[in-house]
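To start, I am sharing the structure in question, which I have written as structure tokens.
Which chain is which? They are A, B, C, D and E, in the order written, and residues in each are numbered from 1.
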Amino acid sequence: MSRERAINLLLAGLLLSVPLAALALGELFYITLATRMAILALAAVGLNFALGLGGLVSFGHAAFFGIGGYVAGIFSSHAFNQTPLFSWPFEFFGSDQMPAIWLAAMLISALIALPIGAISLRTAGVYFIMITLAFAQMIYYFAISWPAYGGEDGLSIVVRNGFPGVNTAVPLIFFLVCYVLLLAALALFALVRDSRFGAALQAGRQNETRLAAVGIAPFRIRLAAFTISAAITGLAGALLADLNRFVSPSMLSWQMSGELIVLIILGGTGRLFGPVAGAMLFVLFEFVLGGLTERWQFFLGLILLGVVLFARGGLIGVLAGKARHG
Amino acid sequence: MAEPVLSIRDLRKSFGALKATDGVSLDLRPGEIHALIGPNGAGKTTLIHQIAGGITPDSGEVVFLGEDIGALGVAARARRGLGRSFQISSLAPEFSALRNVMLAVQSRQGSSFRFFRPVMKDRSLTEPAMAMLERTGLAARANVPAAELSHGERRQLEIAIALALGPRAFLLDEPMAGMGPEGSRALTAFLDGLRHEAPILLVEHDMDAVFALADRISVLVYGRVIATGTVDEVRGDAEVRRAYLGERP
Amino acid sequence: MTLLQVSGLESFYGASQALFGVDFSVGQSEVVALMGRNGMGKTTAISSVLGLIRPRGGRVRFIGKDIAGMQSYRIARLGIGLVPEGRRCFPNLTVRENLVAAARQGPWTLTRLNTLFPRLEERQDQYAHSLSGGEQQMLAIGRALMTNPQLLILDEATEGLAPVIRQDIWAAIRRLKADGQSILVVDKTLAELLPVADRCFVLEKGRTVFSGKPDELTPELQDRYLGV
Amino acid sequence: MSTALIIEQLLNGLQFGVMLFLMAAGLTLIFGVMGLINLAHGSFYMIGAFACAAVAAATGSFWLGLAASLAAAAAAGALVELAVIRRLYDRDHLDQVLATFALILIFSEGTRWLFGSFPLYLDIPQVLSGAVDLPGGARYQLYRLAIIGVGVLVALGLYYLIARTRLGMRIRAGQSDREMIAALGVDIGTLYTMVFALGAALAGLAGALVGALQSVQVGMGEPVLILAFVVIVIGGIGSIKGALVGAVLVGLTDTLGRFLLPKLFAAFLGPSEGATVGAALASMLIYIVMALILAFRPKGLFPATA
Amino acid sequence: EPVKVGMITTLSGGGAGLGVDVRDGFLLALKQAGNTEIEVVVEDDAMKPETAVQLADKMIQSDQVDILTGIIWSNLAMAVVPSVTAQDKFYLSPNAGPSPLAGAKCHKNYFNVAWQNDSLHEAAGAYATKAGYKKPFILAPNYPAGTDALTGFKRFYTGELANEVYTKLGATDYAAEISQIRASGADAVYFFLPGGMGIAFMKQYAQSGVNIPVVGPAFSFSQDVLGAMGDAALGVKNTAQWSPDLDNATSKAFVESFKAEYGRIPSLYASQGFDTANLILSAAAKASVKDADAFRAALEAADFKSTRGDFKFAPNHHPIHDVYVREVVKEGDVLTNKIVGVALEDHQDVYAAECKM
């Protein structure tokens, strides 16, 4: 077993053990913290498809994160109030069941990602970063000023949405739901990375001309990756809305997009468990420092700076050694 | 005479005031090596790019296997069977030599929208790729990332990738560059055999190789073909000697 | 007098060792050839001299100064001009800007260079990335000359050039030699390289395995080390 | 709607555009020309504004404050380059993102530590207060005209520096191949420290000049950062002309959109409803324009290299 | 019986000034009471709703607080309050008062000690009517609090408007709007632009030389921003439920002690923090926080000395109080506010009708 794989297993175990330990100690809040880690990690795993494998630095993934969140919020508010979400071609009252919400969150994120990706992928490099940002900003300003679902005030979810057969209101159960989804996304990532699709995607990141010259058009590969990536991030958004029982435009803000990127780099770009390591570290820093000092952002900054300067390849890079390669 | 595999009709391309391709027509027949020579900046690479699809010509047509491929993109042309090597090596630097070749094999086998099966465990990919590395003498370097190969080795890898596409015609832009005497000799012998798999349009400044290999030679100067003929005809052409060959001892 | 003296040079790429003890030297007004098969370490040796790779062992002396471990720009300013493998012109600069950016005081000026490569003058406002391969090669040579170096290093400088131009380059090298310019050349065309070289060194697997006059490089040795 | 109002709004748009250029000028150098993704650029802007406000408050002179803003931002820039950026040139762009993101946190919190949580006072200097009459019945504020002037001067200066001087060529060369330019004997390290400091100083200058119009407070730099990126990208990275044109385009679009869209929607939605819908669209407008431009010109309006 | 209070407020970023004042006012009240029974945990929400939610969870689950307070912004309050009250904790708002929480979504465990969001805007509308303005130009950012503000203004000012304009949230350049004001023939300007937006607007407005009188809610003219605005703000009328010169003993003592403790004049946010703490103290003296019904009754009684003078809760747990008109003046070289009139007496918000508790 390679060192990296051992570290990955360790991280997965660690994340699982936090809520169990919390339960044993009676510190329920740590379950929430661990759930948050899992959800942010899931969002970042989504982004990692585009960014880590495809080199598509999307500075607009908060759009999908937020869209997922709003799907959860809007569906459950309609289900709760028994008002139809739309009445043509059939009456639809939303849903307060997670599977339906997840599916919708992924589907809608993907559907919106498709045109955004198709336009954005005409550009490359920094232009791509900025055009994805532009789309996310459009959605952000739309959400702020659109009164129907609360605008900037956001939208509350009165009771956490359900999952058939289990009680999601129990923190540990909700954590487990998120954790399983995270593992599933990681498994998917690992499969895709090693597949033909993944090979083409990664080759496109390294040398687009080469990829085209062997007969694989980069555009379609990238568009597919961008869409998958958006769907997974959208799923994470739906989960976060359920965790907070609340969704607001701040989930759509550029700071959020930036934070997702930071999570990935912090953990190790392109690494399978990079997003997991990054999310765990970030949430932990934020929590511990926030409790210690009012100036926590200052110290968080110092720590992040230390990581970039002295820990090449992010946390996983330092622990597992050797930079990634195909 | 057999139908040409590739034929170019009156191709034109200008960059501003510069006519990089100025009414070029030439064809590539089955089984031949057609060398394209000419001074630096004559427009050879630009021509190859237009055939491969990277540059859109201003006018003229490119007919490949009886089909006008003028509207197709780079990738589509490659899938039709145009295999090319780059004048300045263009590889996926983080991938090993083997994975670089596997990419071509994968493309040749069809859709890349396969998400689950690991490529490294897929012998239908690894075996043909390894075979190509063996043919080009790079087998020992199969697992070295392309970025860590020496200049000459990268040139060899370019050839291996073009081969792996199993193309119907080769477009090789200065494959000999940087190969060294031994490498050039080996490559010359190799290309000599290759012409039977698919015809080669060969851009090359190494005259020893060109004279040893070419069935026909076209000479491009300032975007125009000033001469086409056999080795001896072209060698004897005073204009060609002046513009290109120089007074060789 | 010895201009450049390299002894026992050892260099690494990360953990993998590429040079295991390379020795060579270039004297004042001398043309020296550095030879070897593909991947034997010629480019690595040159990079190590210029500080692009930090050597981990051995000594590099240039005009009497120990330059191993010095920063590249200081080494270059002492008077080494490099024509790197693969040209490495600045793609987002025009031809003229490429030359001006590198220029230092000395006999080589834009005007003088234009007589050597009229093609560059024709292309002077074109971005380097759109030059043909051969034009880029001329630009790389011109750029190195514009630094007015005491020692000119050419790494595969004739690669990809048309035979006429190649002849011009070799003629130029001979002229430079006649002017007293010291030159270190790496090139694959022995037929042209050996006649101009005063001395040659052959590398194999990161070690110097031969040094001497070109005529001492017998056909057997050429076959053994260079595959001719 | 009077013509005087329309003329004035066009001027406002132009002025806002030039102001945007001024804010983007430093970033053009650091990001556009040196090719460094510097998210902390807004922090230099903030440092300039705070330095100017603090010194102006202590000495009573806006001009001393302005000098202080240049000095403080340049010093911060040089420090950042030496301590952080220098180690990141040969790394992935993404590492620069993380490092400069961290710097934002450090600078913002550090500034609050030093100056407290409340916004500072900074007003325009006495000599530049008041307005001048323009032909056509419009009146325009002197200070804003001065900002246009400074913006244009900075644009010309930058253009000259980047396109015409040998220094500019070396900077651009360093962007594509640092190793090679060093191998040609150029001390690219020191050069880049200086240029980075210059970029930071320009940001500081903008912070001080614009700070006198706005609110000098922690966090003032981030919205500017995004706008500045938008401007540079629309114009084409590395092109000064592009940045100026992009800035004016954004300025005009934003101003006219804010002004006209609500009126347009009010015509068929009623004043209140129309005002909100129009305003919502107006706030998205520059991003819509940017997406459109990039969709049709993927390298911006004036791609630096053909 | 000790009471544990969790304070989630904004201590970093652009809006930190408000959070700092609320916190300082709150802690000052506790210090003056000499009370050691009340334990306070303070954390920074960095103005992010997600962070606020997370902190609320932490304080409830981990710190086991009985009462939460401190939130400055309506959107954060909307994120936190419903889940806090649903978990049977008390929430006392020292600042934000979004309309849903006063109306349809009111809760027995939610108390607002500051104001319902519309109050100050309504007072401004009332003042505009009283002052005889005929054609005010009104503007606010385009987000819920902004539309609420203008709606509130229009509730008490029913005359003609010169124009109604919504700006981009976070905008910093108002030249285009000021040009419109100049051209509109308005006789007054009413604006709601919180934080840096208000500072930028006021400075640019003063520099533009447009001389139409300005009216605003206190937010843009409170002590925390006046320093940054400078003389641009002089003479502006603004509406507030409190002012440092308010003539009652509690307020006077508060201003003096706040100045002595922190070296600055308190803002209305500080007074709200101070009132919130005193309300808790008064309730804790009467009942145990563990006895929720008794404690709630004690809160409802509002048996404390408010800096505002008279203070009582309406049935929806929002204050009934006077709202004053203040004018920005200069005392020595410090800008501050002076009361020049009363806009609304014993004012109560309109949402109480929708509240079914």
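Just so we're on the same page, contacts are C-beta pairs under 8 Å (C-beta built on N, C-alpha and C of every residue); 3 or more make two chains touch, one makes a residue touch a chain.
Every value quoted in this text rests on a predicted model; they were computed, and no experiment measured them.
Path length between chain B and chain D in the chain contact graph, taken as the least number of steps between touching chains: 2.
Ranked by separation of Cα centres from chain A, the top chain is C.
Ranking A-E and D-E by contacting C-beta pairs places D-E first.
Using mean Cα coordinates as chain centres, the one most removed from chain D is B.
Averaging Cα coordinates per chain places chain A and chain C 51 Å apart.
Chain C and chain D have centres, each the mean of its CA atoms, that are 44 Å apart. Centre-to-centre spacing of chain C and chain E amounts to 74 Å, using the average Cα coordinate of each chain. Between chain A and chain D the centroid-to-centroid distance comes to 31 Å (mean Cα coordinates, whole Å).
Touching of two or more other chains is recorded for residues 141, 144-145, 147, 295, 297 of chain A.
Contacts with at least two other chains are made by residues 130 of chain C.
Taken residue by residue, chain E touches two or more other chains at 11-12, 142, 147, 166, 168-169, whereas all remaining positions touch fewer.
Here the chains touching each other pair up as A-B, A-D, A-E, B-C, C-D, D-E. On the chain D side of its complex with chain E, the touching residues are 2, 4-5, 8-9, 12-13, 15-16, 19, 108-109, 112, 117-124, 129-131, 139, 141, 143-144, 210, 212-220, 223, 255, 258-259, 262, 271-272, 275-276, 278-280, 282-283. Chain C contributes residues 50, 52, 71-74, 76-77, 81-82, 84, 88, 90-93, 97-98, 100-104, 127, 129-130, 143-144, 147 to its touches with chain D in the complex. By the touch rule above, chain A contacts chain E in their complex via residues 27-30, 32-33, 36, 141, 144-145, 147, 150-154, 156, 158, 240, 244-246, 248, 250-251, 286-287, 290-291, 294-297.
Looking at the complex, you find that chain A touches chain B at residues 191-192, 194-200, 202-203, 206-207, 209-218, 221, 224, 324-326. Within the complex, the chain D residues that touch chain A are 31, 37, 39, 84, 87-88, 91-95, 97-99, 101-106, 108-110, 113, 226, 229-230, 233, 237, 276, 279-280, 283-284, 287-288, 290-291, 294-295, 298-300.
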